[in-house]
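Notes follow once the structure below has been shown.
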Amino acid sequence: MSDPQAFPVAIDIPVAWGEQDLFGHVNNVVYFRYFESVRMHFLERIGVLRSHAGHGIGVILASTACDFKKPVVWPQRLHVATGASRIGNTSFVLDYRITDEQEAVVATGSSVQVMYDYRRAEKVRVPEEVRAAIVALQGATFNTP
Amino acid sequence: MSDPQAFPVAIDIPVAWGEQDLFGHVNNVVYFRYFESVRMHFLERIGVLRSHAGHGIGVILASTACDFKKPVVWPQRLHVATGASRIGNTSFVLDYRITDEQEAVVATGSSVQVMYDYRRAEKVRVPEEVRAAIVALQGATFNTP
Amino acid sequence: MSDPQAFPVAIDIPVAWGEQDLFGHVNNVVYFRYFESVRMHFLERIGVLRSHAGHGIGVILASTACDFKKPVVWPQRLHVATGASRIGNTSFVLDYRITDEQEAVVATGSSVQVMYDYRRAEKVRVPEEVRAAIVALQGATFNTP
Amino acid sequence: MSDPQAFPVAIDIPVAWGEQDLFGHVNNVVYFRYFESVRMHFLERIGVLRSHAGHGIGVILASTACDFKKPVVWPQRLHVATGASRIGNTSFVLDYRITDEQEAVVATGSSVQVMYDYRRAEKVRVPEEVRAAIVALQGATFNTP
């Protein structure tokens, strides 16, 4: 992969046979599980899982989307990568890219996470330490608006 | 169904197209989701979900098993029924039966639930009110050893 | 629901307890399973599942997206509705809306399906009979560009 | 692991965050997906997936069971191993063992596979080449009754 800064967090996931559906390839729903799996590692890296567990400041998923580029068939090992593409006032955007063992892009996607105070049950501004952690992870070329 | 006492709690579940696998019928894993779905209603009926949420006395699944009798193909609506077959000292057994719209039995199974004090992190005796609730649900012919 | 023409195909789905995740509500991935479940009924109604099985002319999912409006907690019965919003040259768009028992909208979404000849492994124009079936289902107010 | 002969086929599976349920650990249903994932590799190794695809002689799952030994929490990498414990006339038994990164056994289980001629839709005797492949995989100490 040529752009470590854009997608700084990645995991490898072996496709499970049972993730294939009647049409003979990995079912569309499963890609969102893959996105979620790498998202949780990203959230861990920027301290949001700790902050959620510790004092109730976490994220809520507002939306997510996937473009399916190429069917995936078992057996296969996927490389699932993510990175932030934008930080807003109360939310940030993650982009995703899934590649197969042949380095073909099989899917891309994105998700919007809203910072949420679970104790007060309301949206909050993205904390400075979260912004800083994202910028540190993405590298100097990342522009935070 | 001819034995309401044996299987006093039941739900209807529409099969999802995506629960079918490459072999063209509902995937084996999904039957355990069906068992769990009706089990939760059983646990609610005998007060265990409330007791778990309220003061940490719930159940832990110790084991479960399924016999697959007949492949299931979408579209189909399944009738998933459960009932207790035995109450032990610190555990009880639930039996399951899944029938299709034609009333054919497509799967049977069972699970063992251990009563667990989540706050003290240890097994506990099945509380008297849980025993009484199970007996009330199963009816007079139920033998608690 | 006030717009049967916009969302002419709908199913009711009981939420499974196990579809909830660690955060205490239905996991984001599951909404795409719900979308798929109603999509399959839509595809059946417009003859695409038959055409896929019969002579290899089916659809491939190109993309899908979901906006999460309101967390869903078990027990709950969801009403999952879909309808076409656009027919293109080789693809068509489905919109989705999920409402709960209180008729609150809990999620909306969409997906793009590309008509695909599985035998020749290439995109094909949306057949006239599929266009006609969609228009018949959506009603007179539907504009096909 | 001390008994390569008993469990000659194994895979490593990273636990997905979303495989955890409301009770805070990996959901019971997921263990059967893990069993299936390693079973498919076993079936591939003994030639049954090829024989299924090639001339319709495959297996049907007759039953499966799991004993849950220890809750599993994300993040974790599991080692899922399987081996045959018995070959009968028309079926064979696989045993499963799942261990965590600390080499603690978190679950054990088994499944019964029936040899099935999908073209004639009937059970068949376990073919000699399948018996030979299982014995070769399990090693000299394996007793086929």
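Letters A, B, C and D mark the chains as written, and numbering starts fresh at 1 in each.
Basically, contacts are C-beta pairs under 8 Å (C-beta built on N, C-alpha and C of every residue); 3 or more make two chains touch, one makes a residue touch a chain.
Just so we're clear, the structure is a prediction, and the values are computed from it rather than from any experiment.
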| item | value |
| --- | --- |
| Chain pair with more C-beta contacts, B-D versus B-C | B-D |
| Most remote chain, CA-based centroid, reference being chain B | A |
| Distance from the mean Cα position of chain C to that of chain B, given in whole angstrom | 31 |
| Computed distance of Cα centres, chain B from chain A, in Å | 35 |
| Mean-CA-position distance for chain D and chain B (Å) | 24 |
| Chain D: positions in contact with at least two other chains | 17-18, 27, 29, 33, 36 |
| List of chain D residues in touch with chain A within their complex | 11-14, 16-18, 33, 36-37, 40-41, 74-75 |
| Chain D-facing residues of chain C, complex | 17-18, 20-22, 24, 27, 29 |
| Interface residues, chain A side, partner chain C - complex | 23, 27-29, 32-33, 36, 58, 60-68, 71 |
